[in-house]
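Please find the structures below.
Next come two complexes, and both contain chain A; in the first it sits with chain B, in the second with chain C.
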Partner chain A sequence: MSMFFLILKSYSQNKYLTKNGITEFKASVETFEPVEAVNNNTTVLFKSNTNEIAILLFLKSFHFEIALMEEHFNENYMDSDKFPKAKFSGKIINKKDKYFIKGNLNIKGISKEVITEIEFIKGNTIKIKGFFEVKPSDFNIKIPSIVRKKISEKIKINFNYELQSKT
Partner chain B sequence: MKYRILLILFLYIIKLNAQSDLLDELESETLQEEKDKFYYPAFKAMKIGNLQSTKIASKRDFYLYVSHRFGSLEDGFETFFGFDNANTKIELVYGFLENFQIGISRESVRKTYAGSLKFRLLKQNEKFPFNIVYYSTININSELKKERYPLLDFKDRLSFANQILISNRLNNYISLELAPTIIRQNLVYEPFQKHDQFALGAGGRIRLSKRMSFNIDYVYNFSRHEKSIYKNPLTIGIDIETGGHIFQLLFTNAQSTNEPGFISNAEGNWEDGDIFFGFNIVRVF
Partner chain C sequence: MNFNLKHKVFSILFIIILGSILFLFRHVYKEHQNIENLNPDYFGTYEDFKINQNNYWENKIIDIEGKLTEKTTNSIILNNQIFFLLDSNQNTNFLSIDEKIRIKGRVVGYDELLEELKVDKAIILNK
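Now for the complex of A and B:
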């Protein structure tokens, strides 16, 4: 029986998880009021033996400075009732000293390939940090002409995850 | 032997699980979170047209409300369809707590100062189909002059409205509201009119697009005296939302935008075309 637990333990040890990952987006344009939000409840799962990674977040957990903006984000732009989640699945690639994350980002049911360089630090925990840019039009997010000047054309997404060994 | 089979079976199940997609595994980690959906509000602005909606300023959100009601369209070119006799109201609204807002305002009709508070009792969710909000306002008529009315007390300047607002966002297009109301006017403008009045407001919206909606509201005043010259207020308008602003363009038969004003003393009449054009501009900070 103890043998069995040993197997189970070694099996689960190659998985790392966080439920409090930080994902941030910035769509602000200088001279206009900031359009940015933070999601502190991003879940990330990483499998160290295959380097596979999956990321999932709820759009309603993006919090803005102005609550009305949050309401408009969910209701007018993201259709959070129909598409509550944004997902990513892919791999972490190691080339020489550099680490990259590569995979498919799925927002509003539309998938797009993303690749970007990351900071990857493996110790007791695994730290993954980086950023990339997306266009709202890639995910069928319509920006009405009246606010187009106030929302930047490219949206910067920062992420900072610290994963614990999953037991 | 029995144990061994069980063990193999057990390991096999775990192995099966391990083969499934990493993302699927994540989805199962977040099942609990998925249950709390984001619930959209029934109305975009704090007013449907004239009637208060169940919308409340979120905590620390600060709103400026500017309302105009022009004079009667009936006046034609004489006043440029009411342009010359506008009622202007400026109101500041602040979200003091998560479900609690306070407001202060001043409008030109009867030089009225007003204070209001609004708080949410219940919010629509999967288990409960209604938003329920309490709204209360006190109005001070500063137009009455002591020289003309020597017996005037400060309390005669006061009028009040208390409302329970019950709304339902039926779907993404239609929202409906009912508003049982009690009005108290310490001074009535017609001698036969009762001071305490009961009324029922009803309103709704139809969303035409993500940023536009058609709105209508009406209030029936049960305590209106049959000889009264005042009518029940009917307001028809559209909302145009542009991010930080909401423009509400409307036609109504009441010139006051305060509850005791439009519920008790709507001076216009839809049947005669004696109606007013107006708008509310809402800005969030």
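Now for the complex of A and C:
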């Protein structure tokens, strides 16, 4: 009987999730009105028995300081009405005390493999933190020539997630 | 006479230039949409609201009454089905679980990982 509860307990601790994950990006070159935004409601689901991780965010939830920039981001660059979500699915890999996240990032219907080292701390909660860089052209995001000098070639994406055990 | 005319032309030009700079500035630095003043696309109770897994509700404003089933400092969940990310000026301290609340926000879409509808820029209306 106690064995049964033990199994049940370990099963319930398999899944970890957050709905308030922080994902932000920085795309500006220095000395320009910063092109950066933050998304405070990224969904992250992690299964500790298989090390699988799934991340989902809505592009319209990226908050920019400047409202017009947010409008341009959604309408001109990301086409958020047509492609409202950015998704990632992959695994967390442990190699010699180092942790990596590896998987496919899907933006605007285009998938691209991403691998990056992360900070991975497991206690009562699981903390996952790191960054990687992408090129807008990889996801068919066209930067008009008039602003090309103001948007950096590579866009840095920072993420910081704290996942709670799902009961 | 000549001087007066010149003066007039310069004044008008000055006003036009100033006006366009002001206009441009206001356009570039316009305010974020304020949910409070927008007309809702849905107004009613949770029971009558149909969650659509496609993008039917996307970007629409809903003003909805339901039961609070979960809360954090910056978010609440209505009837285990609709997730609201609150506007930064809101707080959830005075709310209690199972309480009936009215809340307004913008739908961002359906989250298939958690099987819930996500709403942001939300404001609590009943208190």
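Everything below uses one rule, namely that the second predicted complex is superposed on the first by the 157 of 167 C-alpha atoms of A that agree within 3 Å, B and C clash if a C-alpha of one lies under 4 Å from a C-alpha of the other, contacts with A are read in each partner's own complex, and residues count from 1 in each chain.
Note that contacts are C-beta pairs under 8 Å (C-beta built on N, C-alpha and C of every residue); 3 or more make two chains touch, one makes a residue touch a chain.
For clarity, every value in this text was computed on a predicted model and none was experimentally measured.
Trainee: With the two complexes overlaid on their shared chain, look at chain A and say whether chain B and chain C clash or fit.
Mentor: After superposition on chain A, chain B vs chain C: clash.
Trainee: Which partner does A:P84 contact after superposing on A: first (chain B), second (chain C), both, neither?
Mentor: It touches chain B and chain C both.
Trainee: In the overlay, answer first, second, both or neither for which of chain B and chain C A:N20 touches.
Mentor: Only chain C is touched by A:N20; chain B is not.
Trainee: Which partner chains sit in contact with A:E119 here, chain B, chain C, both or neither? Use first/second/both/neither.
Mentor: Neither: A:E119 stays clear of chain B and chain C.
Trainee: Looking at A:F58 after the superposition, I want to know if it touches chain B, chain C, both of them or none. Which is it: first, second, both, neither?
Mentor: Both partners, chain B and chain C.
Trainee: In the superposed arrangement, which partner chain does A:E153 touch: chain B (first), chain C (second), both, or neither?
Mentor: neither
Trainee: One more residue to check, A:N40. First (chain B), second (chain C), both or neither?
Mentor: A:N40 contacts chain C only, not chain B.
Trainee: Show me the chain A residues, by the header's touch rule, that chain B contacts in one structure and chain C contacts in the other.
Mentor: On chain A, the overlap between the chain B and chain C contacts is residues 17, 19, 41, 43, 45, 54, 56, 58, 60-61, 66-68, 81, 84-85.
Trainee: Mind listing the chain A positions that touch chain C in their complex?
Mentor: Contact set of chain A toward chain C: 17, 19-20, 40-41, 43, 45, 54, 56, 58, 60-61, 66-68, 70, 81, 84-85.
Trainee: Which stretch or stretches of chain B touch chain A in the complex?
Mentor: 7, 11, 14, 18, 21-23, 25-27, 29-30, 33-34, 36-38, 40-41, 58-61, 95, 172, 210-211, 241-244, 284-285
Trainee: Would you mind writing out the residues of chain C in touch with chain A in their complex?
Mentor: Its residues touching chain A are 27-33, 55, 58-59, 72, 74-75, 83, 85, 108-109, 111-114, 118, 120.
Trainee: Flag every residue of chain A that touches chain B in the complex, lowest number first.
Mentor: So the residues of chain A in touch with chain B come to 4, 7-8, 11, 17, 19, 33, 41, 43-45, 47, 52-56, 58-61, 66-68, 71-72, 74-76, 80-81, 84-85, 87, 89, 144, 146-147, 150.
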